[in-house]
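Input: structures, listed below.
Look at the two complexes coming up: chain A is in both, with chain B in one and chain C in the other.
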Partner chain A sequence: MAVGKSVPMLDSVARVTGTVPYPSNLKLPDMLVGKIFRSRVPHAHVMKLDVSAAERLPGVVAIVTAADFAGDDKPNLHFGSPIQDQPIVAGDRIRYIGEPLALIAAESAAVADQAMDLIELEYEELSAVFDAEQAMLPGAPILHEASPDNIVRHSKLRRGDIDAGFAAADEIVEEVFSSPMAQQASLETHVATARWKEGKLTVWTGSQSPYTVRRVLGAIFDLDLENVRVIVPPLGGGFGGKGNVRIQPMAAALAWKVGNRPVKLMMTRAEEFVTVTKHAAKIMIKSGVKFDGTFTAREVSIYWNGGAYASSSAHLVPAGMLRAIGPYRIPAVHVDSYGIYTNLPIAAAYRGAMSSQGVFAHESHMDTIAHLLGIDPLELRTKNLLRTDDLFATGERLHDIHFVECLEAAAYGLGWHEPLQSDNGTIKKRGRGLAVMMKNTIANSYSECRIELDAEGRVTLFVSTVEMGQGGHTALAQIAAEALGVPIEVLAVTGPDTAETPPDAQTASSRSTHMMGNAVLDGAASLRQQLAEAAAPILEWSPDDLSVADGYVFVTTQPQARIPYTEVLGRNNIDALTATGKYSTNEGKLDPDTGQGISTPDWHQGAGACEVEVDTQTGKVTVLRYHSASFAGRVVNPTLAGLQNDGNVIFGMGASLLEEVAIDGGQITNPNLSDYMLPSFLDTPVELKNVSLEEEGSSFQGIGEMTLPPVAPAIANAIYDAVGARIRDLPLTAEKVLRGIQGRTDHER
Partner chain B sequence: MSDRTLTLQVNGRPYTLEVPSGQTLLETLRESLELVGVRDSCGIGMCGTCTVLVDGRAISSCLTLTAQVENKHITTIEGLSQDGQLHPVQQAYIDHGAFQCAYCTPGFILSTVALLGENANPDDAAIREYLAGNLCRCGSYVNILNAVRACRTIDD
Partner chain C sequence: MSFELLQPDSLPGALKALAQHGDEAKVLAGGTAIVLMLQQKLIAPTVLVSVGRIPDLAYIRSEPDGIHVGPLTTLRDMERSLVIQTHFPLLAQASGEVGNIRVRNQATLGGNLAEADYASDPPTALLALGTQVTATSLRGERTIPLEDFLIGFYTTDLEPDELITDVFIPASAPGSRTTYLKYRSRSSEDRPCACVAAIAAFEAETCTDLRVAVGAASEVPQRLPAVENLARGQALTDELIGEIAAGYADNIDTLEDIRGSAWYRTQMIRIHVVRALEELRNGRR
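Right, the complex of A and B next:
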């Protein structure tokens, strides 16, 4: 059985010898270097953009501006999935600092940098808006004339009688929480290399969404999709930032203008911060509760700062609406989720997309209510947590629900009810906190694979699942090996390459092991059937009476009547057997006015509990111990599953304690890994434990994000437990904690 | 910028190269010698993906000028395994699943080799402190700690 084993990643040797073929390593003959000339003002009319002097510089091969897109026979300037509001390069309007205005293809980076200084830009500045709520006010600067209120998307959920719910409450608690802009910060930055040959476009890129990139590039250049090929080697990290379409249109446009030579475009670390970010969010949450801890109503308003273009906000804003409610039994729920244009770089998915912000709000809020009512925070949650067959706020009936088990696994792992170590009157105070999350996944999506068995018994799995460090290819190989009854050693996985590997929606929202895993099961069943049919004449039994396991095709009732599967093809003179596997979900549909309907095929579930130490003189928070739990259904690879759970906690600690993109007048002031700090070894709790919960008969569930969103509220709740300071604004810096401690002391005086 | 002719000792072999005077060791190793296990990420010595060993010490090649290391012994991840045999630290990283996307892994492995060169039996605190200059955005630190523990001469 290959499933359930800690098989090392298939390309482990390449990973420790430095030979993984990352897209940043790609070198092609005659390849040019691409560079981007960017805006230094946040909002302006472009009066003049003159690149003629730069074009004349020796070593400059081509420069792309919006003028190259003027005319019916030219590529489309605007792109976007699903809303086409983003220009490849800004035309008459600049909408954020760092927006591309001109693209340079040159023989070297040094020449491209020199060319940059020769570009002349004249503009007339416009007033700009950076705050999401201010952007919604009448009279605010308008970014897109088609959206005069600056709203990208407004999603609504209406369930039950909200007024009656609040009227029936013994207590009404209202709080406001905020999360800052953050950056995904993959160690490998965004990279795309494009080449045109005989009217066909090939792009090698670090992307989580190869088929979306292909579709969008096809639309920009008006190409049949078979003439666009997108190849995605293993990534040096993704974390949501490499989803959707980012820099690929620029690389393709440069190569299009150049004509006969490939162009490579790779972001510097500073450019990474204007390429994609995490939505800053402000969340107002109001709950009605009875004295016994029963909920009567909840109202949530969310303002997502989407940046200058719609991009992923169009589909993430409705997802964020569902992820801010909380996994609790609440009879009346109203939510308004607004995605808003501002003069900032684009915001999109960041691991645990649109969950972290909402979970920080509802799980901090739960503790506020627990303390108000004098109920233990674990007890208040378990009393109200949704169970299987309950209805969610969308009205859909829940299945395979394990919130209580996840939360209790984390809490009891930590020792929730055991006495805290005494502070002995020192300045360091200890406290504990916990939190739980629920997340819908992509409602309607599709995965397809192809499996080939050759005459030597080797199996190749063709998938468009992106290998970005999660071990997706290894997990899929394990699933295939078990389903085919062959050893894992004969498995190879290839893709994504849209010319070779079948379509898959994207590698995001923790969907691959579940969606593609089920497609692999489907394909494997078909391949086994073919194998049985090929073996039937040799064994002289009907195919229906044959099984495949442990590398043999055998008679189910007489296992000694068998043949190694490696001999079946050869004895039939068959070169290879091929099967296609498919899996899709298509039930999702929410009413746009009420948010009622079906939002997801499965629920993502996770929890965390931690113990912190707070220095009351400095406000510094140290997370000493952290226990996480996610619902995995069936674990494919325990080591890789553990890495997802622990990796989420560490990633979440960055967003909780360290990470904030600082902005001054639309200018990001910390676009580097010195001022924007990522968690290091020393930020990792000395005790970090995780558990992936399984259930008999369950299928593979996604676990790529579930233990991340609980991290910030678990720590914030532990800080409150330690020192009585409630911090409602991320990150939980020493300054805020100290101010919270002092504010509390002043109040007590 | 003027070019200079330099001789570098990389992974036990001498290379004589024309190097622009301002070129970083990272650029020379990646671009001229095509040693792509040395990686660029932050460019300012904060992340450790460009770590190489110079005379056994772990340094950030993005902050080192190539001219500074003339005739010194430079080891990159490509020079760590011998005759197709993985170095014990590389094997320990596989055995303990101590990587995910692995963009940071060569830097971590080289820092581990440097640490063990200085201290054959580092305790957990020493390991965490020494490896704090290498960042793993995927968050594999627990497994990395286990891998390094397994490489101590006294493994407890």
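Right, the complex of A and C next:
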């Protein structure tokens, strides 16, 4: 049985020896270097953009500006789904610092850099707005005339009688939380290489969504989709940032203008920060509770700073609405979730997408309430956590719910009720905190695979699941190996390549092992059926009487009457058997005015509990111990699952304690990994443990993000437990903690 | 980025190149700082003069009155040097706290001093130790006390045609106790938010000499002799330590950056001066 075993990643040798063919390493004959000329002001009318001198520079092959898109026979300048507001290069309007204005294809990076200096740009500056709430005020600068209030999307949820709920409460608690703009910070930056040949476009790129890239490029260049090929080699990290179309249209436009040579466009680290970011968010949360800890009402307002273009915010704002409520029984819930345009780079998904901000708010808020009521934070949660068959705030009935088990696994693992080790003198104080999360996955989504078994017994799995270091291909190979009854060694996984591998929505929202895993099961079942049919004449039994397992087709009632797969193919003169597997979810529709309906086929569930030490003189927080838990249904690969859980915690510690994109007048001032601080391995907790919860009869659930969103509130709650300072603004810097500690002391004096 | 790379294999060759190109030239040592500045287009020299091929600029030489450290000595070699560990543990400590091991293997002492980044470790330790920097040009050689060498924000007293050719650290009084405290407000591999280097000599409980340098909190690391002198001939009581720490906290004009506000740095100076002096009083060498 391949499932449930910690087999090494299929490409582990390549990873250790440094031979993974990352898209950034791609070299094609005759390839040109692409570079981007970007705006230096946040908001302006472009008066003149003159690239003629740059074009004349020897070594410059082509320069693309918005002028290249003028005319009916030209490609479309704008893209975006569902809101097509983003130009490939800015035309008459600049909307953020770093926005592309001109694209250069040159023989070398040095020539492209020189050409950059020869481009003449004249503009008239407009007033700009960077703060989401300010952008909503009357009189704020307007980014897109089609949205005079600067709102990309406003989604609403209305359940129960909110006024009656608050009226029935013994206590009403209202708090405001904020999370800063952050950056996904994949080690490999965004990269795309494009080539046109005979009217066909091929793009090699680091993307989590090959089929979305294909569709959007097809629309931009008005191509039949067979004429767009998107190939995605293994990525050096994605973390949600590569989940949508980003730089691929620019690479394709450059190659289109060049004509007969490929062009490679790769972001520098600084450019990465203007390519995609994580939404800054401000969240107001208000709850009504009874003295016994029963909830009567909750109201949440969320302001997501979406940056200059809609991009994926249009989809993410409603998802973020659901993820900010919390997995609790609350009879009346009102939520307003606003995605807002500002003069900043585009914001998009960031691992634990649109959850981390909301979970930080509702889980910190839970502790505030617990302390106010004098109830243990674990007890307040377990009392109110949603169970199977409960109704969520959307009105949908919940299934396969394990919030209590996740939270208790983390809490008991940490030793929640055991006495804290005594404080180290008076300077360092210890505390514990916990948190739980609930996240819907992508509804109405589709995955397809193809499985091929050849006459030598080798199995190839064709999938558009993106391998980005998470081990997605390995997990799928394990599922296929088990379903086909073959050893993992005969498995090879290939893709994504839209010319070769079938469609898949995307590798995001922890959906692949679940969605594609089920498609693989479907494909394997069909392949087994084909084997039975091909073996039937040889064994002289009806296919219905045959079983297929462990490399043999055999008569169910006489297992000794069997033939190996290879022989089934060989004796039938079949080179290879091929099967297609599909899996889709069709549920998921919410009423736009009330947010009532069904939001997701499954719920992502995770929790965390930690112990911290706070230096009361510096405010510096050390996370000493962290226990996480996620609901996995059935674990495919315990080692890889554990690494996802632990990796989330370390990743989450960055956003909790360190990471913040600093902005001054729309300019990012720390666009490098020296000033934008990621955690070091030296920062990891001394004790870092995780569990992946399984359930008899359950199928594979996604586990790529579940233990991440609880990290920030678990640490914030532990800080409160240690020193009584409630920090409501991420990251939880030493300085904020120190101010919190001193503020409290002043108050007590 | 377009510049000419010169790789002279002698000191006179390097000095000549610098004299010839003046302001247009930049010295390249380990490259850990200058390559970032080039990439971020903060500087645009037309000539880079690499000093890597000049022989005999990497050394740690012990003499009766102190040690000489060559400008091309890496911070990793300083951290691991037995001589430095034995006689200047403070400097070994400060060198060993820099960034991470990959940076320390590449970064040189000369580069660290010439870069004059306020968020650095070695300069603060070296200031407390009374270091002298020798700068050489075709015009001759001069020795500059470190406090005069570090002028301000990324600014030193070096002329464009000068190279650091030697760093001299005088021996401390025998039996001195020293410590170096680096405070990182962010990750464990970050540059300092504030740092304190302290050296004290004692006769029984009485402090006979105290030197305290505070760095990373202001444009240049600083010693405050008037405050240091409070300790002379005194026992380091909690009260006196508090007074000295307050002296540093109150008299250093702190700066604000992503690692902390000016207010926060003032707090960190006070706390870390206290911690450093307690450590010295309690007997750490």
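Note that in this section the second predicted complex is superposed on the first by the 747 of 749 C-alpha atoms of A that agree within 3 Å, B and C clash if a C-alpha of one lies under 4 Å from a C-alpha of the other, contacts with A are read in each partner's own complex, and residues count from 1 in each chain.
Here, a residue touches a chain if its C-beta (ideal position, glycine included) is under 8 Å from a C-beta of that chain, and two chains touch if they have at least 3 such contacts.
As the structure is a prediction and not an experimental result, all values here were calculated from the model.
Shared-chain residue A:678: touches chain B and chain C both. Shared-chain residue A:670: touches chain C; no touch with chain B. When the shared chain is aligned, chain C comes close enough to touch A:738, but chain B does not. Of the two partners, chain B and chain C, it is B that touches more residues of chain A. Once the two complexes are laid over each other on the shared chain, residue contacts for A:17 go to chain B alone; chain C is not touched.
Of the two partner chains, neither chain B nor chain C is touched by A:388.
Of the two partner chains placed by the overlay, neither chain B nor chain C lies in contact with A:52. Of the two partner chains placed by superposition, only chain B is touched by A:188; chain C is not.
When the two structures are aligned on the shared chain, A:236 is found in touch with chain B, with no touch to chain C. The residues of chain A shared by its contacts with chain B and with chain C are 268, 672, 674, 678-680, 682. Here chain B touches chain A in the complex through residues 35-44, 46-47, 49, 76-78, 80-81, 86, 90-91, 93-95, 97, 99-106, 109, 124, 127-129, 131-135, 137-145, going by the rule given at the top. Of all the residues in chain C, the ones that touch chain A in their complex are 1-2, 36, 39-40, 100, 183, 185-191, 258, 260-261, 264, 267-268, 271. Within the complex, the chain A residues that touch chain C are 110, 113-114, 268, 270, 617-618, 620, 657-658, 662, 669-670, 672, 674-675, 677-680, 682-683, 733-735, 738.
Looking at the complex, you find that chain A touches chain B at residues 6, 8-9, 12-20, 22, 24-25, 185-189, 234-237, 239, 268-269, 468-471, 639-640, 642-643, 646-651, 672-674, 678-682, 684, 686, 688.
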